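Structure first, commentary second.
Which chain is which? They are A, B and C, in the order written, and residues in each are numbered from 1.
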Amino acid sequence: MHAIATRSLTKHFRSTWRRRVVGLDHLNFAVRENEVYGLLGPNGSGKSTTLKLILGLYQPSEGEADIFGMSVERTVSRTSVGYLPENPYFYRYLTGAETVRFFGRLCGMRGRRLEEKVSELLALVGLEAHRDRRLAGYSKGMLQRIGLAQALVHEPRLLLLDEPTAGVDPIGSIEIRDLILKLRGMGKTILLCSHLLDQVQDVCDRIGILHYGKMILEGDVKGLLARKDQFQFTCEGLDDPARARVREAIRAAGGRLISEGNPATTLEHLFLQSVRSADRGKAAPSGATRPVDLPTAERP
Amino acid sequence: MRKRALLAVALLLLAFAAKGPWEHHLRAQRHARRLGAGESLSVELRARLGQNLAVALLSGFRGIVADFVWLGAHTAWEDQKWYKMREGIELAVLLQPHSISFWDIGAWHFAWNASYGESVNPKYPSDAYRLKVQRDWILAGKAFLERGILNNPESWDLKFKLGWIYYQKLNDPLGAVPWFQQAEADPEAPLYVGRMVGHMFVKGGRHDKAYAWWKRLWFEDHAKHPEQLWYKIAQWGREAEEKLRIPTSQRVFPPVQKKSKVPNSR
Amino acid sequence: MKTSTPRLGFSFGRLWTIGRNTMTEVIRQKFFYILLVFGLVVIASSRFFAQFSSVEQIKFIKDFSLAAMTVFGALIAMVGTAELLPLELENRTIYPILAKPVHRTEFLLGKFAGMAMLLLLTILLMSLIFEGLLLSTEHQLLASAAASASAPGAEVSAQEIADQILHQTRDPALLKAIFLIGIKALIVCAISLLISTFATSVIFNVISSVIIYICGHLEAGARQASLGDQSPIVRGLMLVVAFFVPDLSAFNLADAVVLGQHIPLRLVANTAAYGIFYAAIALALAILIFQEKEI
């Protein structure tokens, strides 16, 4: 059984100016159990619309959607799905613990079981230290994390994350990314909407690209990205004559050299490395030329 | 889904239709008991209040509007502007014709305050004129109370107050008797109302009637009204027996010495 | 799947969770404090009309306090309820809630329940101040009554005067008036919630509520006018008003209570039942609209 399956899912919006706007156009896609699926697309391509349809916040104009085989029109289907909205806002006057407790109660949890769950989730998202602080004083990254905690409170098998790292600083977004991988390790299925492609690439097993409400590309991340006709070496310790010999060897083997040069690190890597070494009390490396391994969690 | 929504809308329309007769029933019940009198305003009242105040009135603030009108009358009394005071009082009872206190205190303002104020008004040419104006105000108070009683026939209080005007301001204690008696007939009336009837007979010189009245009170069940001033009634009864020279054997009221044995004496 | 067709029944637990949170939410808003404090001050100020005689004074305090309870109860109901849904939508706090296994009916009724509890609390507070005023006035009046009745030759005993004062200050019928004021506020609350299911503007909602409130008091007149000799358009309009708008004048028994008129308990119960019936219609309509609403 698929975690999510849509059949001809369509949504029209009425706008005052134009007669009808298509938000989603006969979408067919499925998310398998225990995979991280990335739903990509430019703004207005229908990502959020898809999520809202799956959550029953919108009613489809046509077609249908299921969660673990149960129609999303039924409220009961929401027992197996947790949702982290885009830029989540919760009641600002509640503390972190109160927020998770509130959502736990909404899911019918009570007493000790609820209290234990609250503590467990706050620990999972790393907010134990801030559990009694009001959300009004939370940073964006903390709000995302408390959002994740509330999404998990009723132990759903499926998580819908809408732009989980939007507006969060790089460290925070790495932490959220790690959390997503950890959740996948716990057996959850995750549908992720994002337009921060770097991150999608790091965590997703499969992706789909939406454009004007239509799925224009779908597939396995590695399969989609790998260029099977090309190959890349990254070496150390070669001087100029040695490099010339390598070029010669390539030509002799019948290959064609497409590019060469010092590989540049990404700004993100530079930023992370600087901040972390500053944290350790060391001076930031000056002009790192060596590519640094992504500090992501090991993938299971 | 659509069908269910349509069904729900139909049910709701039915519910809205059902509320009409219900409202009508409630309104009829209120009217029968003269509660919330004058939900529809008389043309006269509307004209006297102006449209805005009329709306406030209809929105359930009749009591407050009347109280502020009354406040104006009260100020006019303090300023000794008797006609202005009268105008305010008249408007207040027009607004709340079931307000016992408006009729009661209004009549008191006329028969006591205005009449006295005019009786010492230096602007008037002669004492005879002052006396006439004074009496006019007393009669105005009496007429006012009579209207109050017409509007509130169930109120013992207004009847009692009308009797009081006969007694205190018109020096006609026997004229007060029927009003005190009517007031006393109301089971809610306090016991002093009944005693006043006897006093009026005494003051009017009708000791025979007073005696009959004291006896009537005396033979009521003492246990039922422990708060009644029984020892006083006994005293007044004895006084009547003295006045009427009732033979000792026929006397009903206990002699003074036995006062302490009278139930619940104070 | 353990069961073939799992069902999610209506839960008062969820309703209560949302209701309690709604109450906290409104209590933390500025307008609520302002209105509540102002209401309490208005009630307390009725004590300053002390130059009146005892009956006048008691009537004034009662009229003033009950009117203040009516006005501030209705205002808190209107403003508080009007903001509930728009705030949830604007702050997007509604998304995570409805993404949980929560029926929309539970959410909406929870909002109503929270507001209803708050109104109960508000009216209770105002009643306490009111009662305090009555008792302090009573205390004062009893003292002066005792002084005047102890004069020699008085035909009325101090006890009898005191009884009359107590009859007015300790009037259990006041509870009937306060009860109906509460029911009226609930109707206003339900109407405002209904409007907020389709109107996004708080101002529009409050204005509409006020208009309906006034129409509700003129409803009886509208019904009459619909039979009168106005133009057919006016008559039709009046008919529509009379059909949809509740008869709020039915709840104006406070004046009669203050005047000491007898109001049978049956009439109070029947009027309250009518009010609850109307609130239920409004809520049902609100649920119907909210079910279909795209959030």
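Here is the rule we use: a residue touches a chain if its C-beta (ideal position, glycine included) is under 8 Å from a C-beta of that chain, and two chains touch if they have at least 3 such contacts.
Note that the coordinates shown come from a computational prediction; the quantities given were computed from them, not determined experimentally.
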Exercise for the section: Name the chain whose C-alpha centroid is farthest from the C-alpha centroid of chain B. Expected result: A
Handout entry: Chain with minimal offset from the mean of all protein Cα atoms
Key = C
Problem - Whole-Å gap between the CA centroids of chain B and chain C - result: 33
Problem - Whole-Å separation of chain centres (CA-atom averages), chain A against chain C - result: 49
Problem - Rounded Å distance, chain A centre to chain B centre (Cα mean) - result: 81
Problem - Overlap residues in chain B, where contacts from two or more other chains coincide - result: none
Fill in the blank from the handout: Residues in chain C with touches to at least two other chains are numbered 292
Problem - Footprint of chain C on chain A - complex, ascending - result: 52, 55-59, 68-70, 74-76, 78-79, 81-85, 87-91, 93-94, 102-103, 105-108, 110, 147, 150-151, 154, 160
Fill in the blank from the handout: In the complex, chain B touches chain C at residues 5, 8-9, 12, 15-17, 19-20, 22-23, 25-27, 29-30, 33-36, 39-40, 55, 58-64, 66-67, 70-71, 74, 96, 98-101, 104-105, 190-192, 195-196, 199, 227, 229
Practice task
Would you tell me which residues of chain C are touching chain B in their complex?
Solution key: 49, 51-53, 55-56, 59-60, 62-64, 66-67, 70, 155-157, 159-160, 163-164, 213-214, 217-221, 224, 242-244, 246-256, 258-264, 267, 270-271, 274, 277-278, 281, 284-285, 288, 292
Fill in the blank from the handout: Touching chain A in the complex, chain C uses residues 1, 6-8, 11, 13-14, 17-18, 21, 24-25, 28, 91-93, 95-103, 292, 294-295
